[in-house]
Each structure stands twice: as structure tokens, then as C-alpha cells.
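Which chain is which? They are A, B, C and D, in the order written, and residues in each are numbered from 1.
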């Protein structure tokens, strides 16, 4: 009997935002020298921030407002906006539900069928307000809803699931073929697809002709994906993986596919780190749910697979802490990094000598022990 | 005098469930495409879940019920079932003991002698109810009790100790020789042996002809093995070690020995990770003790070495949180991963493109920083 | 199409004070054998401790007092001392502001213009009291304020920003060229520049002719740089990096540039570790803010970029715990390492067999798990 | 100018008890097969446990009692026993002091001069009670006190300081030369020296002819050495280092020098791990201070350098939890590993297939994530 060598499964290390820090550069810039635009195919946004496709964050009015500030807001076409005419009342029902009932309420709210007429109406609302209209849907609804939305004038189509791959096998519907989707939509409508976290999946998606990849599976926590399923890759590693794919694809084809890191970003520091990992933009949920303009009325809730058998979303109170303008541009008196995100990004870029986001993607980072909250008072001497 | 080179003891890294996460696959499946059967020699179970041989989890009625759901329940032949005719009263005594007395009460309860007549009675109860009857015992009682149980119709024999090896040296009894045990029992009765945590021990056990290995020493905590004795290997590493042994043994002999990861599994995420480490099934204790059908009446207790000199078990209140069906198959409104375990496994397998448990054993995992409970509210943006 | 190899961003590990411990030496000394002087160009200080250029720590009276004790106190020329004639009243306003108003109050206080006449006055106050006068300013004000201060008799010029590099690019002012600054000031006035954290930046600064480098970006926490911007390197790694630069520069030129680790030092243990990383001195803020002689009246506040758009400083209550003499030299009854810092350093040096700070810079350190506060009571047996 | 390569200080990893776990063996033994004697030169102790030379742990009566149980108790000749005739009253003063005064009280108590007459009296008390008499002192008092104690009949001399090396340089007294000490004492009196934590220091001490080395600098916490001074090496790494030295020295000379791990041992798990690192015995403080027989009356205090300038000891309430017999041999109803230490060691040795401590020193260990106390209730399924 020949001896067989044992093979032990190898585990590689992965990192989240709390595990890393950005290393200042050899050259510094004044923040006003930096430029932070975000290019998505032929569309240019002046700030690299995307508002998450969640009912507590984006409704048509918010989308118009957010567009004017320079960012891209994504309207979820499978949320309350396309299921109900009067969404305010529905949201109020979610917000006011007792804690013990909230999962049941969410399950009920999201079981109401989607109406195509409402899809068109919401898109037109945003366009008429002068906004850029980005809409999101899950793969199984993409063919139907993307066509309706494009017809109504949508500017960007976002296809998003917990995990997205170029090949999905299903009994219940034909898997969405992204290369076909690309052909079915006008070329001036960028297609954004997510979420993924690995080099190979990102590269394969890019090779299907899509225009941007969303990065992130289970990085947060109100999304209990990691507890329930054990699946997830922390955002620093996930973004670094997908960045490697973008660069390979860019060298191979000359086509630049944008990366949007989605999930787990709590403050300016996290946002800056996402860029330092290679992101072109970030998607924010709870940070924006806390603005006065958000439809969530101080609450936020996960919409993940709200089917009766395996709920993974929950509702949390986030409070309302300031205006959208303060959160994005300041001025602010809070010192925890949740406001003036644009100022924070430009300041960090200055410290790193990065003129553009493209420069910022190349700065050094270190694995650093977490900042402990306790004992902060004793660590003041470096403050300046 | 020749110079002697110093040798420093080398320590390798080991990992538990909280330290790792599963990486999604390059292909995804709809969960209904997946198949999660668990094969133990000639027995096929439709779900890869084993109910722990503990008095708060499995009594004959529970075993029948659990069999119908597709899993394997193990009745402990050294627990109250084989010591007392009227077990309900005994359990009530444990459950109602004041905290300060509970270790003493446990010590007393488990010093009552085992009655062979009760062993036969319990086995027949399960068989007559239509259940698959798996019974467990410690090595020193195995010859005697396995014969009685087999005679009464038991389907599976589980030999279990805190640490099990193929060679045990003792003054007080002749060590159990597993190859002899294999010959003494009918071939259609699979022998499951545990617990072990290393490549070498697992391989040696397999070479003694047993049919499944249980993996885990001191992974949990109410089992205070690690505090009291310092001995223990975290479950991810332990399962990976034993998996390497199974694959080597399979390549050498063509015989597939199943691995059952036992201990430390708190939710669907842990269950999925155990499979991703190479397990064929998992053994659950406290998760099942919380079902309405469990005999523990909302409590759970360790039965480890309940001798007067070194108690290592303790009693904890786990509460009763739902029916067995909910815990296994949902529907559920809890979002912490403790219910709908089968749904969770199938969903995770879908995300990983795994049609079978055998595929799931090969997915990638990363070492990932623990999810911190605090601050969860600020990490919502990835929820979908 | 040629295959392109993916490049994944590499992350190196970095460490802070809590992550390391000093290894005792092969030889031990009695503490009274050790010598801890700090040499800054032609100036010799008998203790290697620098009082931070913060309004809660150093005013002219404190500077005089601290000089007599053997250390170097730095007066911030952009703080209240150069903006207000009557600083006590202004400090009282900061100290007494309600928590909700404090950021606003700080923003207002530090928007009052700097008066050159006050700069001269403060410098003369210190010199007339017999103190060594070190003054600090930010790069954009350096040309103007350093000239005024030098004229008035200042002994040391400290140029300090959150991140300092040899090349800063700005639209609004010509970047400060350190080699020109060196030529514009009398040679007997050492120039101290900071803060930096990397080998390359430190080396480049040294090559511009400066006399000491301050080490540290975002190591503390009341300075919320790392949360807001994500930028920062823990102090152990930062000091080790800059030490490597100092040694290279020393070997290349024979000129020894001192390193002052600034920030994050909470107790004698941290101070000793900074030295063991290669520092020649440490800058202390909150530790000194807690002395009876400090102007902060039991409070401390960050002065970082107090502009309306992105505040990064905050005010904390530190309390008043003893005299400056006790903090530096004891005697003390506190056992947490915040008093008798000089005694601690000399004792640690004795344990390491280090006669001088230069020797102490070479001792071994290990990466050690953090001391957990909880459970301390159970770890007493090593106490002696 | 030649290019100089930068040298960055290298940091190696170190580990404490909480960071590691023992791997079970390929063979198992019944605990009654194991033998745990501890050999110190010509003295044989039946259990490998040394009672710490601290006033709250060992007085002459305790030493007699502990000897009868098979262990070695060390009487501190610089504690209250050699300073006061009536020690009970002095201890009561320490125990009853208000928290705010305790450091001052300790400083005062330990400034009373040592009386040689009391040294003799205490030694004779132990010998007349039939105990083995081990006495400890610091290096500067060793010549004087060891002679007095040997004269009175002491069996073992322990020389102990926070850090001990073979070469100590001092202005105030001639460094203790251990090779001279060896010659000055009868050969049948073993000399135990500590504390040290590195390979080189341990080896050098052994080469001076001493009989045992105590391992540990700053491992605990009530001993605030690491906070105050930054100096310390965690016990697992320290013991592994000194073990390497013992083995080298043994191979070179054939002489076996015992290792006693001192400090940081809180329960049976830690004790077993110390042995698995290579220790021959462990010194216990707070664990024994909690026995009914201990002189500390439910309190414990550090005696480290109780001089007025740099106190490093503190007083903690440990409570009285059981008899010495229970702590050493059980029976016990506590499940946290603080009682029946001997039973725990023998059980762990059985799991590892170790017949003797010498075998136990060679078992495998892994670096394992800490057991988190929280969530224990959910990790019960492995209990057996």
C-alpha cells in the first residue's frame, strides 16, 4: 500500500476595516488639491458615494437630493416603492412595529407583489426632479424590471444579490446571463452587478461586459449573513481581491470596470480605507439612513431574503443625526467620523499625497491592532 | 564539550468557528438544488444532524421524533434512561435544584447503577416507535452495553469519551480494542467512535475498522475541560485534521469513514463551517435542548466525568425557544441563526455552488476577525 | 491575449504599546547606575521627557517649572498663549463649557488671530524664569513665527503637523522647505519636525538638516484621526521605522538626529517601550495635564485642525492626580504606572542591563498578548 | 556615499496560558497510572506544586501543613515573619486597611528591619513541625540570611528577585555570585534562583551550579510590573525558553536543573499547560491564598519592591473558598478548575498518554483562540 500524504485545508488570513490603517505618504498635499470624482462608464459623479438600495435610505425624493450633491442614489425596485402607492404609511408600519413583531411585519410588507406601473412612476419621479436614476433588482427579476425601468428613463441598472456569480444554476428560472443583459439594454446604461468578494468571481463578472462590480458579502452585522450561514469575507480583503481582478481585466482589455465597496462602512476612516484597498466608490446605508432627508424616519432595516423560512434582516434604530449636507460635506461638531465624509476623504488623500482616487488606491496600509474605545482618555497626548 | 543547539517547542495555530468564514463560490445554485443527506455505512439520513447523547436532549420519545425528521438521535446508555425507571422525576430534580446544589445533585443522580433491563427497554421503545436507534456508552462499558443494545435491536453503537484513542492503558479494566468490538457486533451496526481531534488519532481509529469518528475535545465551555485540564483543540482545526485522515484512509482503502463534528456549534453559521472543514454531519446539544420536544425542560447539563473528585459539567438554563421542526426547518422569526438550520445549510451551499455535503467540504475558508456584537448597529449598510 | 498575473495589495503587521513587552537582559544593573539624559543638538536635558505643545499642558509658568525638573516643555505658538492676553479666562471658558458645546467653543477660541507681540512676550516670560524655551508651530506659520520667537530668545523650534513630509504641495502657500528653514535660523537653535511614521519620510526629513524628528500619527484616540481619516500607524512600528532611518542617516553622515515618540504613552510601561523601540525621548500630553502645575485645570483637549468643517479634537476630563514632581520622580502610592516615570524608566533599564538610553534602544522586545484587566485578581502569584 | 541598508527591530511572538491549549495524545492512560513527583536535587516531593513565598500564602504553620500534603512551601525571609514577632496583628493591619491607605500601610510594614533571630525561630518552627523548610530572600540579603537559615536547619534556599541574572552590577553592594553561594552552602541544600524568562539567562544561571530556576517576569497583573515598567514575557514562551536551556545544559553536563514556573497560574488548565511547556513544578500564590489554612485571611498582596518611590504591589480580596486539601486533591463541587489541581493534572496527563511529568513536558500544544466567557451557555453540546 503506497503511503498517501495528508492534505490539510489551508486557511488564508482576511481583514476588515478595523484591522487596518492607512500609512501617510512621503509627500503631502493640501486637501483642496485633491479630486474625488467617480466615473461610471460615461457618467461622472463628483463624489464617490453611492446611497444603498434600501427602503430606509433611498426614495425618489432622496434620490433627487442626493444627485444634486454629486452622488449616485440607488432605488430598490423590489422594496416598498414598487409594491405600494402610499409608501409613507407602510414605512410607518415598519417603524412603529413592536420589537417582537418586526420580523413578521417585514415578511408581510415584502410579500406584496411588485407593480410594474409603480416602477415606471418612481423612475419618472426621479428624472423629472433632475436626478440621475439608478435602480436595483435581484437577478431573477432583472429581465422584467430592467426593461421597464430603462423604458421609463433609468440611467443605471444595478443587479444585486447576497452573492452574485456569472453562473447561477436554478430549477425555478433560467439563470440571468449578464452578457445577454448587456445586449438587451442600451449601451449608455451602465450595468452594476454585485455582490462578490473574490478575484475569480469578480474577473468572470467583468468578462461578461458589465460596468461596475459591487464588493461585499456579509461584512456588516444587522445583515446576519455570517451568523446564519457562516459565509462572508471581510471588506478589506474582499476589496483587495476584486481590485486585483479589475487591474488584470484592465491590462487585458483596456476597459476599466469600477468597484463599489458595499457594506460595513461606518465612518470616514472606513471610507478612506475602502479607497486605499482599491475601491472607486463606496455604498453607504446606515450612515445615510441617519440623515434628515432619509425616508427611514430614524430607523433602518435589512431587506435580505425576507421570506418566511430564513429571515436575515432586522430593524434597528439609528436616529437622525444631521442633514445630508452635513454628513457629506460638514460643517460638523461630531468627532466620530460620521459626518463630513468628503472632507475626511480629501484630508486623508492629502496626507497620503494622493491627487485622485486612483492615486489613493495605491497607498500603503498596515495591519494594525484595533483602537480600543476604553482608555481613550489616557491616550490623548498625540492629539493635535 | 560540543555545542548543543537549543530546541524550542513549536506551537502551531489552531482555529475555532468564530475565527473563520466561508468564501462564496464562483458558481451559485438555488438552495433547492442542493442535497444534504448523511450516509453512515448502509444507513442514510436525510439531514446531517445528530442529536447529542445527553439527558437534556435525547430520550426515547425525542429519538423517535428526530428520526422522523431525518436525523440521527443518540441515546446515552449511561444517563438517566438506563439508571431510572421514572426519568421524568429525576430530571425534575436536576432542573429544580438550587444553583448551589446542582453539582452535588448531578453527582448523586449519576452514581445510581446502570440496569441492563432498562437498556433493552429504551431501545425497544425507540424501535417500536419507528425510529432509528443509536445508543452511546463509554469505552469501559462498551462490551457489556453494546451487546445488550444490539440484542434489543439498536441500529448504531456510539462509543464516546472525552478523549478516545485506539490504545488506552488502564489498570482497572482491559482497554477496549475497537477491532475486536467491530467483530463482536453485527456488521450492519455501524460503530461510531469519539472524541478525537488529531490526524494521527483519527487515522488510527479508522484503521481499527470503525465507521465514523466524532470530532471535538473541549470545544465548548459549559464543558469546562479546557479550563480545568488545559486540553482541547478548537473545532475548525480539529475537523480539518480528522478530514485529512479520512481522505488518506479513503485513498488507501476505498472505505469512507464519516466524520461527525461534536461540540461548539451554536448556530447555522457554525454548522455550515463544520461542513466546510470536512465534516459529514454535526452533533448538536444545547441547540436541540432548547426545543419543545427535548426532555431537559429548558435546561441543559454536562455529564462529563460526574465523579466526586473532579466535576466538569454544569447546568445551564437554555430556555425553550421553539419546536424541533422550527429549529431544523423553520419557519422562523429569529435572526440569530439558531433556527432553520437546514435552510441555512442549503442556502450557504447554494452560495458556494455545492450540490452535496461532499462538495461543501471543499469550499474555501478564510481566517476572519470575529464579528463584534457591539457596534453592529453601525454596520448595517451591507444588509440586503 | 497574454495572461496577466494578479497583484494583491500586501499588508504588513504593525504594533502598538499594548502589543509588546520588553525582554529582561542577560545582565542587570542597579537603577542608580543608569543615565537617562536626552541630547538635542547642543542642548542636554537630564530627563528624556518632552511636555506636549498643548494648551492644557504647557503655559510659560509650566515651561519654567518643567525646565527645572530637567525636561523640555514645548509652548504652542498657535494656542491660546499667542491669541489672548488673559489666557486663564479663555481656558476657564473651555473647561466650563457644557459637553454639547465644547467643540463649538474650541472652534471659536482657536479662530482668534495670533498676535506676534504675544509670541515675543511668552518667550521672554520663559527665558526670564530661567527655562529652556521650546516653541511649536505648524508649517504654514513657521517662517513668520519662528523668526519672532528666535528674536525673542527661543531655544528650540518645533514644527509640527498631523503628518509632516519634506515635500508638501499646496495652492494656498509655498510649502515650507526645511533646508531653507535650517539656514534662516541660528545654528544653535535645534529644529524639531514632526510628525511622521515611516522610514522614508523620516530619512528624507533628516536629510533636510533638521535636528530631531517627532514620531506618531494618530496613535491615541482623543485625537480621532484614525476613525475620521483611517490614517495612522501604531507607535511601536512607527518608532521602529524612524529608528531605522536615524541609524542609516547616522552611518551615512555621522550626524545623530534625535527621535521623540509623541502620542499614546499612558504610563511608565509605554514610556519604557518607546525607548526600547529606539526613541531618544517621549512627548507626554495627558499624563502631564493631570499634574497640579498644568494649566488645563484637570481637563485636556485636542487642538487638531479646529476648523469648522472637520473637527478632530475633543475635550476630556483627566483630573488632577498629583504634583509634577510626583509624576516624574515619585514618591507615589498609585500602582498603575502613571507616576514616578523616571523611576520606572531607570528600573526597567536596570532590568535590561542598559546604562544609557542608547543601550535601552537595543533591548529585545516580544509581541505579547495584551494584559486583560479582568481576572487580574486571579493572576497574583507572580507578584513580588 | 555607500548605501546603508536599514535594519528594523524584529519582534517575535510570545504566548501566555490563555493563548494555548494542549493536544490530546495518540495513546491514553487511566489517571491512576500517572506519576507526578517533583525532584529537586536529592529532595523528592510527591506533588509538583510550590507555595509562593508571600506573606498571604506561607507562614510556618502553613509550611508544615503543605509539606505533609507533598508539596514545597517557601517562607519569605523578607516578609512579616522575619520582621515581627507577632505577625498575626501585622497581617490584620494590612487586611483591615481601607483601600486608599493600603499601599502606604504595605510600605510601612515592610520598612521594619529584618531580625536574624526571627529567621532562625521561623525555620526551627517548620522543622520541628516535621516540614521541609524552604526559605526565600532577595540577592542583596542572600549571603547573610541564607547562612542564618542554613544554620537553623533550612532544607532549600530560594533566591528571588523580579529579574535575576548571573551578573548584576551595583554600586551599593557586591553582586551576588551564585557560584560562590553554591560553595558557601552545604551541598545537600538545593539553591533555587529566579526569576528569569530567556534561554540565555537561564542557561547562564544553570552554569553557575544552581539546582532549580524559577520562571516568570511580570506574568500576572496584581504585580503591575508590565504596566509600570513595560517589562515581562508571557509564561508559555518564558517556560519554553528556559526549558530549551535546561535540555541543552542537561545534554552538556548530565545535570538536570529543575524549572519552576512562577506566576499567572489560575487553575488546573494553566498548571497542566505549564508542565506541557517544560516545567517540573509550578509556584502558586493566589490559588493557595484562598485556602482556609493560608495566613492571608482571604486577602493577598504583592510585596514587590515596596519602597516609597515605586510601589508595584497591591492588595486584593481573594476570599476563602475551601481547604488546602480540596484545592490540591478535591473533592470539589466548583467547576472552574481552581480545586483538585492534582486530579486535573493526572487527568490531563492521562489524556496525553503521559506517565510522568517528563512525558508531559513533550506533549503537543497549539495556539488557540481564548475561550470567551460570554456565550458559554450556547456552547454546551460538547459537554460530556
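Here, a contact is a pair of C-beta atoms (placed from the backbone, for glycine too) under 8 Å apart; a residue touches a chain by one contact, two chains touch by 3 or more.
Here the structure is a predicted model, which is why all the values come from computation and not from measurement.
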Contact-graph separation of subunit A and subunit D, given in steps at minimum: 2
Remotest chain, subunit A as reference, centres from CA atoms: D
Chain copies touching (subunit A, subunit C) - same or different residues, decided at half shared: different
Angle of the C-alpha superposing rotation, subunit C to subunit D, to the nearest 5 degrees: 90
Inter-centroid spacing, subunit B versus subunit A (mean Cα positions, whole Å): 39
Subunit B and subunit C, separation of their C-alpha mean positions in angstrom: 55
Shared-contact residues (touching 2 or more other chains) in subunit C: 15
All chain pairs that touch each other: A-B, A-C, B-D, C-D
Touching residues on subunit C, where the partner in the complex is subunit A: 1, 4-9, 11-16, 18-19, 52-54, 103-104, 107, 160-172, 195-198, 200-201, 204, 216-224, 226-234, 237, 262-266, 283-287, 289, 300-305, 308-314, 316-318
Touching residues on subunit D, where the partner in the complex is subunit B: 15, 17, 20-30, 32-33, 199, 236, 240-241, 243-245, 247-248, 251-252, 267-273, 276-278, 329-337, 340, 343-344, 347-348, 351-353, 365-369, 371-373, 375-384
